[in-house]
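Look at the two complexes coming up: chain A is in both, with chain B in one and chain C in the other.
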Partner chain A sequence: MKGDKFINKLKEKITVKDVSRMPEEQITITVDRADLPEAVRMLYYDMGGWLSTMVPNDERAINGNYVLYYAISMEGGKMTPEDELPPEDKCWITVKAYIPAHDPTYPSVTCKVPAAVWYEREAYDMFGLVAVGLPDPRRLMLSDDWPDGLYPLRKDAMEYNYRPDPVDHADEPDYDFMHPEGSGTLDIPLGPLHITSDEPGHFRLYCDGDTIIDADYRLFYQHRGMEKLAENRMSYDQMAFLAERVCGICGYAHATACIEAAERAIDMEIPRRAQAIRIINQEIERLHSHMLNIGLACEVTGNINAFMHIFRIREYSMELAQLVSGGRKTYGNVVVGGMRRDISAKETKRGLELLDIMETQIKEVWEAVMEDDSQVSRWKGVGILDRQVARDFSAVGPNIRGSGFKRDTRYDHPYDFHDAIDFKVIVEDGGDVFARETVRYGELLQTISIIRQCFELMPSGSIVINHSKRIIPNAFALANNEAPRGENIHWIQHGNAHKVNRWRCRAATYNNWPSLRYQFRGNTIADAALIVCSMDPCYSCTDRTTLIDVKTGKSKILSHDELKRYAQTLKNHPMKNM
Partner chain B sequence: MKLLDMTLKYGNATHDYPFSPYAVPEGFRGKPEYEYDLCIGCTACAVACPSNAMNVELNEAKDKLVWEFDCGRCIYCGRCDEVCPTGAIRLGQNFETAVRFNKEDLIETGELELEHCLKCNKAFTTKKLIAYCVQNFLKVGWTQEVIDEKTKYIQTCPECKKHDAAGLITDYKGARR
Partner chain C sequence: MTVLFLMIFQVVIIALAAPFFDGIARVLRARLQARKGPPDFFQTYRDIIKLYKRGRTAPKCAHWFFTYAPYFLYATGAAMLAAMPITYAGYESVGYSDIFVLVYLAALLKFVFGVASIDSGNPFAAVGGSREQMIGVFVEPVLIISLLVVMLLAGTSNLIDIKNMMYAGEIGYFMPAFAVASISFLWAMYVESGRNPYDLAEAEQELQEGLLGEYSGSDFGVAQAALMLKQFAMIGLFITIFEPFNLTMHPILSLILFLIKAGLFYVGAVFIDNFGARYKLLGGFKTNATFALGVSVVALVLYIVGA
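Our next item is the complex of A and B:
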């Protein structure tokens, strides 16, 4: 059976206690917690796995333990073109380990697989599970003044709407930013609002002269506790609408992933027509998201003209969304078992027209941008994502495809209607901003072709199933989809009474943030904003930047406008008057 | 330069809005429109609404049922439209939902008369809901006698019904003994 190969290899070194499959291509193996790091490492590095998500769970009510699930996507290391698994071998292997409630510790996997770092920090914040040996045990999600010892996602910890009293500003503990060793670096905080996306996140850039030598950042200023909310009081009918609000740009991808996880856990097949409509909506989302990002990458470097044109074209994709989904965003359409809204023949016809318009105009504007040497030179060689760093941190989306990895979850683990559709995974080798934007451009054209194929191949018939399946308590599954920013993974464990017991939502950018630090290194301050932008981050928003000079130890806080003006014009260096 | 040529080629991309209306496609999901006369206070919309934008509750004095819609919470999903049995709530095409300074302006309400239980005289549902059911009875083609009996039945509150049912079971058991 699928995946046996890997499990047998694992068994040579490790005792695998239990193997289960649900659905077919998602295999869960149970190991002792002491074997956890080695099991994950073997699957990750020896057999070509990537860390898709890690789900800590409070199953004390079910079996008396906390449980960790490391979901690893087996697809091949992809460091060379040959280093990839054949489609029939690709699967997910979830390594499961029980953590006894009286001793909530486990050996850290991060020491062997760096990609787990954020997940393990989060497991501590949310569940109080301690990864012994974790190199970076600082808080990740909870604010600095959150009460110690209150772990929100433990079932008995608190109500979803509990809000601890805010601590007085003066008493608020300081977050411990990492500091590079040595004298003479300049510390630049960038945030709390980011220059391109106007979203919160606090960056600290450590500079030597104009060059960034290291960076650290603090995010999650807008953690909203959605998982807790859904577990506490939502039904599946409501959850899709909540999942959509994870993001303002690619929320549809979250809704589908969330609902599909619920469907897969009970092996529910939805009608082909509904599958095709899901894909159409998702690809529309990619259209407007990629155009937004390419536009912003132009704007941040001062090319306002190109930015305006791209946004003009983007409006067609919004119109397409209105047409087929009834809203400017494709929201509000997914339900367990299918879709709520069908697409009529008239809409299809107009949709195809819009696609043609977009295709010609996108090509036109991209050609113009490529001819502009000053634009292209601002993108080239900037913010390089090293291939080994990308491999170590399981980066996703255009971010990793710009570094030469053929990694796209639509291609690795096709879902829905994708098995009927032809498309090419766009890969570029440069690893810089230029490569990432080129990938996005290529994907725009692919996306247009995918939507066209869906319109043409979409079978007729119903868009929802008949109710016959029942939720099975404690059944779980993960669902993947390729959002504009990369692979989104949702993990759902059913509870009783048609409610969810645990929902773990992992947005694409979660896997991209940890490697950003390495992307910053060696670049100039003027490019910092551009680098973050080219990653196309998803953090709900930072307006200031602190510059710290390593040589003098002085620091300076830049305003949003100052930094933006400098990034666009490269005039009046921010450190001139320090 | 090419970009400037494009600007000339495609001309003005903006709309005249708000000085002239902005057309939206046919299936556009705009603000839910409420038709008070059709609403029977069945609370289906309030149950379906994922974001709690719609609520149907007794007022403070407990003498009226209040239907309330808070546009500020609405996500325009159209679940209410889907479930409303009478078409009292329909998504319209209106997307202009801004208000000035006062969030209260986003709230819309409708008050409905209450029906009292034949047995215990407690208020338990709206008059209009009962009328709506009776009207549907007429369509079925029952005899007046059956209709009268059923009407009486629906004019009894759930608690009294439960009570009655329990009574029936006890009677039945008693009869067997």
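Our next item is the complex of A and C:
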């Protein structure tokens, strides 16, 4: 069966206690927590896996333990073109480990697989699970003055109306930024209110003159507590709406991934027509998101003219979205088992016209941008994502495809209607901003072709199934889809009474942030905003998890003071090798 | 006395008219960018008035320098404009109207701008301020060498004398050194006027609002108006020295003509600044500056060999 050869190889070195499959291409193996780092490392580096997500879960009510699920996408290392698994071998292997409730520790996987660093920091914040040996054990999500011993995603964590006492400004602990030690570095804070993104994220750039030698960042200023909200209160139909609001740009990808995870966990097959419509909506989202990003990459370098013209074209994609879904941005048409809204023949006809308009105009604008040497030279050689760094941190989306990896979840793990569609994965080798934007341009054209194919091959029939399937408590599955920014992974474990027990939403940008630090190094301050922009960061996507936001306003003010203080003192650090 | 009156007169008129040309430039830019833009040519007036009505904020760490810098900038811009013999070229010669006065006023303006941004305490403004000085390093040699050629040819640094010699046909484009110097000066003028792709003052994305980052309200409005005056002063310098058409010596008529010519330059620059990305200081900017320096040196060599 699929994945057996990986498991057999794994069994040579470690004891695999249990193997289960649900659905067929998602294999869950249980190992002892002491074997966890080695098992993940073998799958990741020796057999060509990529860390898709890691889900900590509180299953004390089910089996008395906390559980960690490291979901690894087996697709080949891809460092060379040959280094890729054949399609029939591609699958997910989830490494599961039980953590006893009385001793919530486990050996850190990050030491062997750096990609796990954010996940393990989050596991501490949310569940109090301590990764022993984790090189960077700072808080990730919760504010620095969060009360000790309060872990929001534990099932018995707290009352919903519990509000910890606010801490006085003066007593609020400082976040410990990683400083490169050395004389004459200049701290430049970027954010938390950041002009380029208008979303909260605080970057510290350590500069020698104009050159950035290192960077650190603090995100998660805007806590929304979505996962917890869904767990206890919402039905699946409500969850689709909630998931769509994870992000202001690529929300639809979250909505479909969330609902498809719920569907896969009970092996529910939805009608082909509904699948095709889901693909159309997702690809429309990619259209407007990529145009937004290419436009911003021009604007950040001062090319307002190109930005405005790209946004003029982007308006057609918004019109297309309105045509097929009824909403310009938030489509709200996914339900478990299908879709809420069908597409008529008249809409298809107009949709095809819009696609033609967009295709011509996108090509024109891109040609004009490429002819502008000053623009191209601002993009080339800037913010290079090293191939090894990309491999180590499991980067996704145009970010990694710009570094020469053929990594696209539509191609690696085709879902929905993608098996009927012909498309090319766009890969560029430069690794710089130029390569990433070129990938996005190529994908725009591919996306137009995909939507066209969907319109033309649209299967007939119903768009929703009759609910005959029942939710199976404790069944879980993950669902993937390629959002504009890369692979989104949602993991759902069903609970009782048609409510979800655990929903883990991993947005594309979550896997891209940790490698950003390496992209900054060696570039100038003038390019910092451009580098962040070319990664196409989604702050709101990564800000989804934490529980209570009583601190939000306050911590912003603090950071602002902090920012001013740093502005006044251009600190010198004692000498130390970097 | 008449000259003093005319100086003040021309500064007031140009200061009042400048936002109008800025308004035209904005409407034109909006059309080129496929957006609607301001409803008429008077948007810049409304902006400045609105900003002026607003309160001011200043970082706690800033000193008096930060507070008064916008007014100082405005006064310097006005002083530059006053030194331009636009209306009073036909009257007796005044020592104030001199190339050296203008060059030093321009340097003073740049200095004040830089110091004020560093004084604001904002690290991005400080980086912007130091860059602005770097631009000076690149541009000033070109500016000085071009003007030096003109001064050597005319034998004087007095702008009124130079202008009159130009009109009398004693110096002009028939001299190769003069013609070449006008090219390099044109480049320097464009850079000094702070437009894209050589713009840093408003490099809002890369430097987070750059130099003006900490200014707000009335301070910001005054600083904006001062920068506009500076642009007109730089254009005015070019028109005074390098523009050969002498139509009238009448103060009012020549002022109107000046406004039209300067306005054409100001609005026409939109066709350059609207397209393309900003240059990085040590990238495209340096290459261009080196080339312009080469052109100005050619002008100097041409003068020396007596062509």
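One rule holds for everything that comes next: the second predicted complex is superposed on the first by the 533 of 578 C-alpha atoms of A that agree within 3 Å, B and C clash if a C-alpha of one lies under 4 Å from a C-alpha of the other, contacts with A are read in each partner's own complex, and residues count from 1 in each chain.
Going forward, contacts are C-beta pairs under 8 Å (C-beta built on N, C-alpha and C of every residue); 3 or more make two chains touch, one makes a residue touch a chain.
Keep in mind that what you see is a predicted model, and the values were worked out from it rather than measured.
Visitor: Please tell me which partner, chain B or chain C, touches more residues of chain A.
Guide: Counted on chain A, the partner with more touching residues turns out to be C.
Visitor: Which of the two partners, first being chain B and second being chain C, lies in contact with A:Arg204: first, second, both, or neither?
Guide: neither
Visitor: Determine, under the contact definition given at the top, whether A:Arg272 touches first (chain B), second (chain C), both, or neither.
Guide: neither
Visitor: Just checking: does A:Gln375 make contact with chain B only, chain C only, both, or neither of them? Give me first, second, both or neither.
Guide: second
Visitor: Could you tell me if A:Arg502 is touching chain B, chain C, both of them or neither one (first, second, both, neither)?
Guide: In the superposition, A:Arg502 contacts neither chain B nor chain C.
Visitor: Just to be sure I read the superposition right, which of the two partners does A:Leu530 touch: chain B = first, chain C = second, or both, or neither?
Guide: Touch status of A:Leu530: second partner only.
Visitor: Classify the contacts of A:Gln322 with the two partner chains as first (chain B alone), second (chain C alone), both, or neither.
Guide: A:Gln322: touches chain B, not chain C.
Visitor: Output check: A:Asn305 vs chain B and chain C. Expected answer is one of first, second, both, neither. What do you get?
Guide: both
Visitor: Could you list which residues of chain A make contact with chain B in one structure and with chain C in the other?
Guide: Looking at chain A, the two contact sets intersect at 305, 309, 312, 372.
Visitor: Which of the residues in chain B end up touching chain A in this complex?
Guide: Contact set of chain B toward chain A: 2-4, 6-7, 10, 13, 24-25, 27-29, 48, 50-51, 75-79, 82.
Visitor: Which residues of chain C touch chain A in the complex?
Guide: 32-35, 59-61, 121-124, 127, 196-197, 199, 203-209, 274-284
Visitor: Which residues of chain A touch chain C in the complex?
Guide: Checking each residue of chain A against chain C gives 186-190, 195-196, 210, 298-305, 308-309, 312, 372, 374-375, 377-378, 524-530, 564, 566-568, 570.
Visitor: In their shared complex, at which residues does chain A touch chain B?
Guide: Of all residues in chain A, those touching chain B are 237-238, 241-242, 245, 305-306, 309, 312, 315, 319, 322-323, 326-327, 331-332, 340-341, 347, 361, 364-365, 367-369, 371-372.
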